[in-house]
Amino acid sequence: MYVLAVSDHIMIAHSFTGEIFGPAQALHGATYGVEVEFRRAELDRDGLVCDIGLALKTLREVLGELNYRNLDELPELRGKNTTTEFVAGEIFRRMQVRIATGAVGPGTAEALASMRVVLRESPVAWASFEGALR
Amino acid sequence: MYVLAVSDHIMIAHSFTGEIFGPAQALHGATYGVEVEFRRAELDRDGLVCDIGLALKTLREVLGELNYRNLDELPELRGKNTTTEFVAGEIFRRMQVRIATGAVGPGTAEALASMRVVLRESPVAWASFEGALR
Amino acid sequence: MYVLAVSDHIMIAHSFTGEIFGPAQALHGATYGVEVEFRRAELDRDGLVCDIGLALKTLREVLGELNYRNLDELPELRGKNTTTEFVAGEIFRRMQVRIATGAVGPGTAEALASMRVVLRESPVAWASFEGALR
Amino acid sequence: MYVLAVSDHIMIAHSFTGEIFGPAQALHGATYGVEVEFRRAELDRDGLVCDIGLALKTLREVLGELNYRNLDELPELRGKNTTTEFVAGEIFRRMQVRIATGAVGPGTAEALASMRVVLRESPVAWASFEGALR
Amino acid sequence: MYVLAVSDHIMIAHSFTGEIFGPAQALHGATYGVEVEFRRAELDRDGLVCDIGLALKTLREVLGELNYRNLDELPELRGKNTTTEFVAGEIFRRMQVRIATGAVGPGTAEALASMRVVLRESPVAWASFEGALR
Amino acid sequence: MYVLAVSDHIMIAHSFTGEIFGPAQALHGATYGVEVEFRRAELDRDGLVCDIGLALKTLREVLGELNYRNLDELPELRGKNTTTEFVAGEIFRRMQVRIATGAVGPGTAEALASMRVVLRESPVAWASFEGALR
C-alpha cells in the first residue's frame, strides 16, 4: 500500500460544553497542524498516489473554511463539541466530498482506497480520523 | 476509526544480556518519549475518544513506576531484556489493566477498540506495541 | 556561557486590531509551545544553571495565568495586540518578577545573566524575547 | 504487533516527466529522511524485533546505492518517475531482498510479518510504501 | 531583543568542486528547510516585529529564484560551491535587498537590527548566516 | 557570522548527588541528542565553515568516550554531577582539544571564532554550553 501525505495548519478559537472539559469550557484556541494521508494500492502511470499540488490546494481550501474562525459561531458545527478528534473527522468529510468531485485529479477518487486526517494539537496530544474512500 | 494520542517521557537506566547487544551490554540509559494512541469507531456523546486529562494522568502513573529507575533492579522485569520494543509492550499491558478498571473514564474501556504505545528512543530509532483492547 | 531551557505550552484565544492583521482580526486562537532559556556564566556547586523542577513549576504558574483564556478579556492586556512576539515579552516579564523573588532557587536570580522566551506558534512561525536579568 | 523502526537519510537529484509535475520537471533534488519499520507478532528470545545494528547497516547499504546520485542516471530506474512514493517502494523492494538473505539476522526474515518504508520529503509532504514480507 | 521568524522550504540540485566534498562532488540535491529570523529592539505600534504576511511573501519570492533549480546552472552562482552555509548567506543577501526597498513593510527596514537565515539540510546538519541590517 | 552545525546522540546512565535532584538521585539514564555549532566570520575558499565529514567524525569520537557508559564510573568525571549543562560543557572541552590539533581540518582551528554544544535531554528540556575558540 502506498501513502502520500501533505500538511498545512489552522488557528482557531472554540469552547467546549460539559464538565469533563474542565478549564477548556472557557473560550480558548488552538493551532492545529493538519496532515492528510491518501492511500492506494498501486501508483498511477505518472508514479503518483495523487497530484501533490492539487492535494495541497484542496487541503488549503477545506482549511480555509475553518482558519481564523471561532468554531463556536459556525452554523454547521452548532451543538457540537469541536474536539480535536471531531475536527479531524470533519476535515475528513469535507476532503472526501471534494475528492469525489475530482479535486485531487480525474480518476484519482476511484483509485484511492482510504484517507487519514491527523491533527497535531499540542506537544503532548494529537488526534486522527481514518476511513475508506470507496 | 478515531484516534486520540497523548505523550509523556521517562528517563531510565538498564543493561542488556546477549552478545547481539554489543556495547549496549554495559549499563547505560535512555530517554523514552512515550506516546499512547487510543482507538475507537465512534466518538462518545461529548465528542471524545476518551477524557484526555484522565489519559495523561493514567499514562503518568504508569510511567511513574519506571521513571528515574534502573530497570535491571525492578523485580517484575528480572530476566527480561528491557529493549525498547519490550518496554512498549510492558507499558501497553500496564495501561490496559488500568483502562479495564475505569482509569480513562466510566464506559470508555468497553468502547475502545485498540491501543498503540510508541517509544521514541533516539533520533534514529523507535519501537511500538499495538493490540486489541476487546 | 551555559544555558538550561525548559518548555511547556498554552492554548489561547484572541483577536487583533489593525488592517495589517487581515483575517487574524477575527477571533481565533493558538497553541503556543513555550520555551524559556536561562543563561549564566558558571554552573552552581550542584552543576546546575538552576533547579529544573522549579524552572518548570514557575513556567507552569506563569502560563497558568494565560492558558485556556481569551486574551482579549484579560484586564492587564487591554488595548494590546497580543501578537506572538508581544506574548513572548509578556511571559518574559512575568518570569522575571518571579525569578527576582527566588522562584527558581535561592541565589539563582543573582547568578542568571539573561533569559530568552520562545513561542512556537505554527509550523511556519515563531517569535521570542530576550533580555538581561541583571 | 511489535514494531521496530530505524532511520537514516539521502540527498539525491532527479527530474520528473509529465506536465502534472509543473516546475518539478526541471532537474532539482531532495533530502529524504528515510524510516523503515519492521513488524512481527512476537519478540525473539533476546526481546527484539530484529538486531537494530544490522537494521541500520542494511538500510545504510541500500541507501548507499542512491545517496549523492542523480536518479535520472541510474540504469535500473530509467523510464520511471522517481516520485517520493515510488522511491519508498523501491527502497522497500531493495530492503526485502536483503532481509530474505539474512541481512537483519538469521531467522528474522521468517519472523517478520510486514515492513513499511517512509520518506520525509519536506516539512509539508511525506510518502510511504508498506507490504507483507511473507 | 524581539525576534519574529518565518519558514518555508526549497528543493534544489547541485554539485560541489573539490576533493574535500568526496561523494558530494557528484550531482545530487537537497531539501532545505529555510527559516528567517528578524530582530529588533522594540515592537512597532501594532505590536509587531514586522508584517508576518509580507515576511512570508518576501521569503517565498526569494526562494522562488532557487526552488526546483539546478544551482550549478544559475549564472549568478557560477564558480561558487553552493554549500548550505553559502546558500544561507545568499538568501540573507537577497532578503536584505528586498527589505531595504520596503518589502516587509514601510519603515520596517529602518527598525530591524539584524537578521539570521537558517537552512536545515538533513536530520544531522544545518547552517546559518547572521548579520546586521543597519 | 556563518554557522555550520552537526548532530549525533548518546545513551548514558548516571545518578546525581544532592537533595535538589529529588528522584534523579537514583541511578537512571538519558538519550542526549547532541548538536555542535561551529562559527566563523568568513567561509573558506571551498565555501565551508569546516569539513562536515570531519566535524561528524570528530563528534562521533568524542561521543564514543561517553556512549553506552555509566557516567558515575568514568574516572575523569568523579565527584561531578553530570547534569545536562555540565555534559554540554564537557563535550565542548573535548571537542576544543581535538579541533586545536586539526581534527576538523588544517587551518580551521584558527578560523573558527566560537562553538556551541547543545544537548536535547527530553521533550521538555535541553541545555548548552558556548564559548570562544580563540
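Order of writing sets the labels: A, B, C, D, E and F. Residues in every chain begin at 1.
Please note the rule applied: a residue touches a chain if its C-beta (ideal position, glycine included) is under 8 Å from a C-beta of that chain, and two chains touch if they have at least 3 such contacts.
Predicted, not measured: the structure shown is a model, and the values here were computed from it.
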item	value
Numbering shared by both copies at the chain B-chain A contact, with half separating same from different	different
From the options B-F, E-F or A-B, the pair that copies D-E, where over half of the contact pairs coincide	B-F
Separation of mean Cα positions, chain C and chain A [Å, integer]	31
Rounded Å distance, chain A centre to chain D centre (Cα mean)	27
Multi-partner residues of chain C (each touching 2 or more other chains)	7, 123-124
Complex contacts: residues of chain F adjacent to chain C	16, 18, 20-22, 80-86, 88-89, 123-131
Chain D contact footprint on chain E (complex, rising order)	7, 9, 11-14, 23-24, 26-33, 67-70, 121-124
Touching residues on chain B, where the partner in the complex is chain A	1-8, 43, 46-49, 51-53, 56, 105
